[in-house]
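In what follows, structures are represented as structure tokens.
Each of the two complexes below includes subunit A, the first together with subunit B, the second together with subunit C.
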Partner chain A sequence: METDALIVGAGVAGLWSAWELALHGATATIVEAAPYPGGHVARFCCKATGRCQKCGACLLEDVLRKVRGSDRITTLLGSTVLEASDTDRGFDLTLLCRPPRIFPDRCDGCGACTDVCPVPGALVQSPFDRRMVLDQQRCLRFQGGECRACEEACTRGAVNLDMPAQKIPVSASAVVLAAGFRPFDPLEKPRLGYGRVPGVVTAAELDELIRTDKWFPGAGASRTRSVAFIQCVGSRDAKIGRNYCSRVCCGYALRLARLLRSRYPDIEPTMFYMDIQSFERDFEARLGEAAREARLIRSMPAEIRTGSDGRPEVVYEGMDEKRVAEPYDMVVLSVGISPGQSLGNLCSTFGIDLNSDGFLGPDGEAVTTSQDGLFVAGAVQAPRSIEDSVSHAIKAAAAADRYLRRMANREKQ
Partner chain B sequence: MSRINLNDLDPSFKHRVAEQPGGQGIKACFACKACTAACPITAVDARYDPRKIIRMALLGMTEEILHSDFIWLCSSCYGCQEVCPQNVSFTEVMFAIKNLAAAEACVPPGLTGQRLLLKAHGRLYEISDFENEKREKMGLPRIKEHPEDYDALLG
Partner chain C sequence: MKTPVEQPIPLGGAAPPEERNLRKVLVLGGDRVGLELAERLAAEGFEVVLLGQAQNGSGTGGVTFVPHGRLSEVRGFLGGFDVTLSAQNGRIRERIGHIIAAAPAEVAPKFSAYGLSRTDGALALSEFPEWIARSDPSTSRDGKWFHAAFLCGLEAGSHPAVFSRVLDAVEQLGQLQNVQTYVFTRHLKVAGADLERRYRESRERGTLYFKFDEQGCAFEQTPEGVKMVFSDPLLGREMELSPNLLVVDEDLLPPASLEPLLRAIPASPAGSPFLQPESTRFCGVETAKAGIYAVGPSRGVFAPDLIVGDVEAVVAALRKPLSEPAPWTGLSAPEVDPEKCTMCLTCVRICPHGAMGFRDRALADPFSCVRCGICAAECPMKAIVLLGGVEGNETKAQVDRDLARVSAPGKIVAFLCSRSATDALESAGIASDHLSVVKVPCAGTVSTSHILTALREGARGVLVAGCFKGNCASVYGTALASERVAEITRVLGSAGIDPARVQYAPVASNTPGTLARAVRELEESLV
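Showing the complex of A and B:
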């Protein structure tokens, strides 16, 4: 198979680079490890409160529609790059393509498979419709196990675990790495109680629950009213080697707080922060509105523990210089953007290095790397919002397009 | 709270702290307050506030810090260091500040007294015959003081 540009990752950045390259007349092949496209944004909810809050999540739907309608773009789901080598014409690559194990036209999303699957998260509902998809990086059968529970449980014959994975050789003139990030794992900060104190969740989890209509405040005495947001979890933290601002969490926490309040006006949000950082237009206005609805406390908690009534308790130094242990119905950790899991592999496959914050490629805003014809786009290179990932991706696509033209001219001569 | 006169501030103080062993972290502070929230001393005596002491040092309130009695309240529990996201190592910063205070003879009389006790008896309480007779009655061995070691250490 031949393609002008191979794009690793079908998040907003990868999809947008492919679309821009196709606009310029190039062909693009997107390699996506997950069984569905969209990356993290596919699991975020729209945060409109009646008025658009400009969270950017809908930029994904937009670009997905464009990519699906383009005959210059091929998307390979469940696929990764196994090997890559430089040639004088670009890159020779070997892809590992795993066929979808669940036929979308047979699955009706009944969930019988999930009920029997022993691995949490191996069978998930596609973010775009009600059908199930299998994550082959988690499924036991693809880690050398023997499990067939889902195949046996499905009454519609939609699961087929036997189709073999294929190795496909591809030659590409340019490669764009858009492999995204990993949300910070709060188990690295045990004092914040995640996984130990009931009622402590990450913002990513809350976002997905809202998207799938699974979050409700409940009723009666156990109704969720007080919600604490803890900022900078896994950001601006030299102790764990993440001494950078993730750039999105202040914005998304304020939006989530407003969204909850607009749906359930008795919810009282509190935000614990060290500095509110803004990188968006109109942020001052958003902050002003939020400050009227939420308590903003400039104090980082020392600890989150289980209170005597079973609710999470936030221990912090209050504004009036008194130690406070305050119970909340829910504590939301505003987890930051950490370098993606597969970066080590990508570095060795493509012969490039991590930057000073542990992301891929050069520092700063650059889209080029130390390798000719190899580009980076989006949150794979530095913490970025959706909008910033899209502009970075457009810049990467423009650079890749220039490179493709230079190569084509050289060949003609 | 009293007013701070900018002309009275001593901008070199933070550098002097940072030059002491363990003091270099002071300039990285974000003023996030996590240390204060973790400090067991702040909980019982609000005059001792790690974040505030750092702010005072960075501002250059040399006199107010070195002549205070609160800098001696630190229990060296390292709780602040545990929670600090900026590796300020505040317990170490406190040792640096106390060393500067000692160098300027700003040690409170109580502490000087304790030093003399250590030098003379090798412990903060003098063990007299009274204690030892009581111990003997209870079947416990007598305690013998070893002030020599401390004398060598304290010079």
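Showing the complex of A and C:
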């Protein structure tokens, strides 16, 4: 198989690079390990409060619509890059392509398979059309086990566990790495109580609950009213090797706070912060109000523990260096953007280095790497918002297109 | 939002060009960015007219320099803009294919925000490089330390690009002996490449940062210098500092030269100085009007390394219309029936993309039209027919056909925007036999007569579902649709018909629940 550009990752950056390259007349093949496209954004909710808050989540569905309609783009889901070597004409790669384990035309999303699956998260509903998808990196059967529970439970014959995965050789003139990021794992900061103190969630989890219409404040005495957002969890923290600002979390928390308040006006948000990163275009018009509505406390909590009434309690240093312990109904950790999981593999596969923050490719905002014909797009290279990832991906596609034209001219001569 | 009727006719007298030159580019420059962009374009075979930049020594081929030129008027369309430039030797008219706003930011020192005035000891941040080039603070006073204080968003906000420049200066002073640097701020804007690391390093090397919450810092300016009086935000101690040098930060604003371009793009948001509408759908360098592009400060991007990326992106954007087949191949523009068109020019005023012009009748420019259908919905003479849809091929003709097909008595007719509600429908799992769906390219396509037709054909209710306000890819399609629905409900109410039968619902592609809820609520209200 031949393609002008191979794109690693079908998140918003990878999809957008592919679409832009297609607009320039190039063919693009997207390789995505997950069983559905969209990356993290596929789990984010729309933050509109009656008017758009410019979170950018809708840019994913926009680009999916474009990519589906393009005959220049091939998307390989459940697939990974096994090997890559550079040649004088670009890259020779070997892909491992796994067939879809659930036939979309047979699945009606009844969920019988999920009920019997022993591994949480291995069988999930696609964020786009309610059908089930199987994550082959979690499924026991593809980790050397023998489990067939889902196949036996499915009454529609939609589960397909036996078709073998294939190794497919691909030659590509250019490669765009858009493998995305990993949300910071709050278990690395055990004092913040995640996984231990009831009522402590990550912002990403809250986001997904809202997207799937599963978050409600409840009623009566247990109704959620006070919500604390803890900023910079896994960002601006040199002690744990995160010597950078994740750039998105302040806007993210303010949007979530505003969304919750617009739906449930009795919610009272508090933000624990170091510096509010408000600077984007029209920020004041859009989020100034949210910042004024919230109670702002410039302090990083020392600890989050279970209070005597069972609610989470935030312990922090208040005025005059006094320790304060305040109970909240819910504590939301604004987890930062960490370098993606597969970056080590990508570095050795493609022979490039991590940058000073541990992300892939160069420092700064560049899209080119030390390897000719190898580009980076989106949050794989630095923390980026959805909109900034798209903007970065457009630039990566522009640089890749320029490179492809140079190669084509060289070949003509 | 400016309502369309208040808008002047943007391109008086312009008709879509018969011949287009997609290789000639006007660049509004003024610093290195404009020059680099012009040279990149020239290397790609474009013919460039560069404003605001003196010719450099190398005399780049393919670039015409108009150093003191200003853009005063723009008419026309992609590939055939008629632009008027005011230059030293009078007015120049040019036929231009593309226009790129790549002028540097307006830099506004914030002296007045702090109640200060500029003196030899109180400079604006932009003056620092020149100051340091001719001063040597480390040797100027025997044995005494030199104190340099930087204000950075102590009042009226800040920006990572400003903090980056403060760090440049702090780092430069850090190389010298006997210099103590201070930064006074409220929120450090570290959300940019390497800023957090540079901030920590400067702090470790001895720069003192004072971050204020409620209270700030008082300034006493005398001919001898500035005295700063404040209470240390961490220790609460009263402090005084009389720095040898006070550097005042600046606001970065979009360039002032954009006015003629804002006038040429009818959807330019009132009160916003940026060339792009606020919708997140405009996150590249394109504006709402084909052939006009925004680079860097013109679209709110101020960090130098991000502007470099914009340059790359705009060169690629200019190449798109040249690709084979052209992006609009197979798409036809709206057709205007010459018998019906009365030249009222409603369409010219209302098209958010500036795609309508006129000669003996209104004419759509096929290169600029995005097929949103707003013109057809607003035309009082119903003279405009939209043939080719842009995404998903929804067309007005098809909308009319679908409408005729689905408007069975007793149904709820749902007009769904193809950029939001159509996606939401897929995952909404709405189990209603009573729902008839009409897909539309933009909620703004749905005219009052569409809604009335549906009701006349016996629809129990009508739902118009489009994007949220501020999110519409055609800028105000959403606003027009909700206004039309409001208007119809008023009319229905006064005619004794239940106004609740027609509803507008804002929906995003990823909020299927909102769509399902809107359908359910409409159904319930009709019981």
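Brief remarks on what is shown
As a convention for this text, the second predicted complex is superposed on the first by the 403 of 413 C-alpha atoms of A that agree within 3 Å, B and C clash if a C-alpha of one lies under 4 Å from a C-alpha of the other, contacts with A are read in each partner's own complex, and residues count from 1 in each chain.
In this text, contacts are C-beta pairs under 8 Å (C-beta built on N, C-alpha and C of every residue); 3 or more make two chains touch, one makes a residue touch a chain.
These numbers come from a predicted model, not from an experiment.
Of the two partner chains placed by the overlay, neither subunit B nor subunit C lies in contact with A:P164. By the touch criterion defined above, A:R191 reaches subunit B but does not reach subunit C. Contact with subunit C, but none with subunit B, is seen for A:G50 once the two complexes are overlaid on the shared chain.
Legend: residue contacts after superposition of the two complexes on their common chain; A:Y316 is shown touching subunit B, with no touch to subunit C.
After overlaying the two complexes on the shared chain, residue contacts for A:R65 are found with subunit C alone; subunit B is out of touch.
In the superposition on chain A, A:E303 makes contact with subunit B only, while subunit C stays out of contact range. In the superposed model, A:R247 makes contact with subunit C only, not with subunit B. By the touch criterion stated above, A:L23 is placed in contact with subunit C alone, subunit B being left untouched.
Ranking subunit B and subunit C by residues of subunit A touched puts C first. In the superposition on chain A, A:E387 makes contact with subunit C only, while subunit B stays out of contact range. Comparing the two interfaces of subunit A, the one with subunit B and the one with subunit C have residues 236, 238, 243, 274-275, 298 in common.
Contacts from subunit C toward subunit A in the complex involve residues 157-160, 185-197, 200, 211, 213, 236, 272, 274, 278-281, 283-285, 299-300, 303, 305-306, 308-310, 312-313, 315-317, 319-320, 323-324, 327, 391-392, 418-420, 423, 426-427, 429, 467-471, 506, 508-511, 513.
Residues of subunit B that touch subunit A in their complex: 28, 30-38, 42-43, 46, 49, 51, 79, 82-87.
Taken in their complex, subunit A has these residues touching subunit C: 20, 23-25, 44-46, 48, 50-52, 54-62, 65-66, 69, 109, 127-130, 211, 213, 236, 238, 243-245, 247, 250, 274-282, 284, 298, 320, 356-357, 363-367, 382, 387, 390-392, 394-395, 397-399, 401-402. On the side of subunit A, the complex with subunit B involves touching residues 191, 232, 236-239, 243, 274-275, 298-303, 315-317, 321-323.
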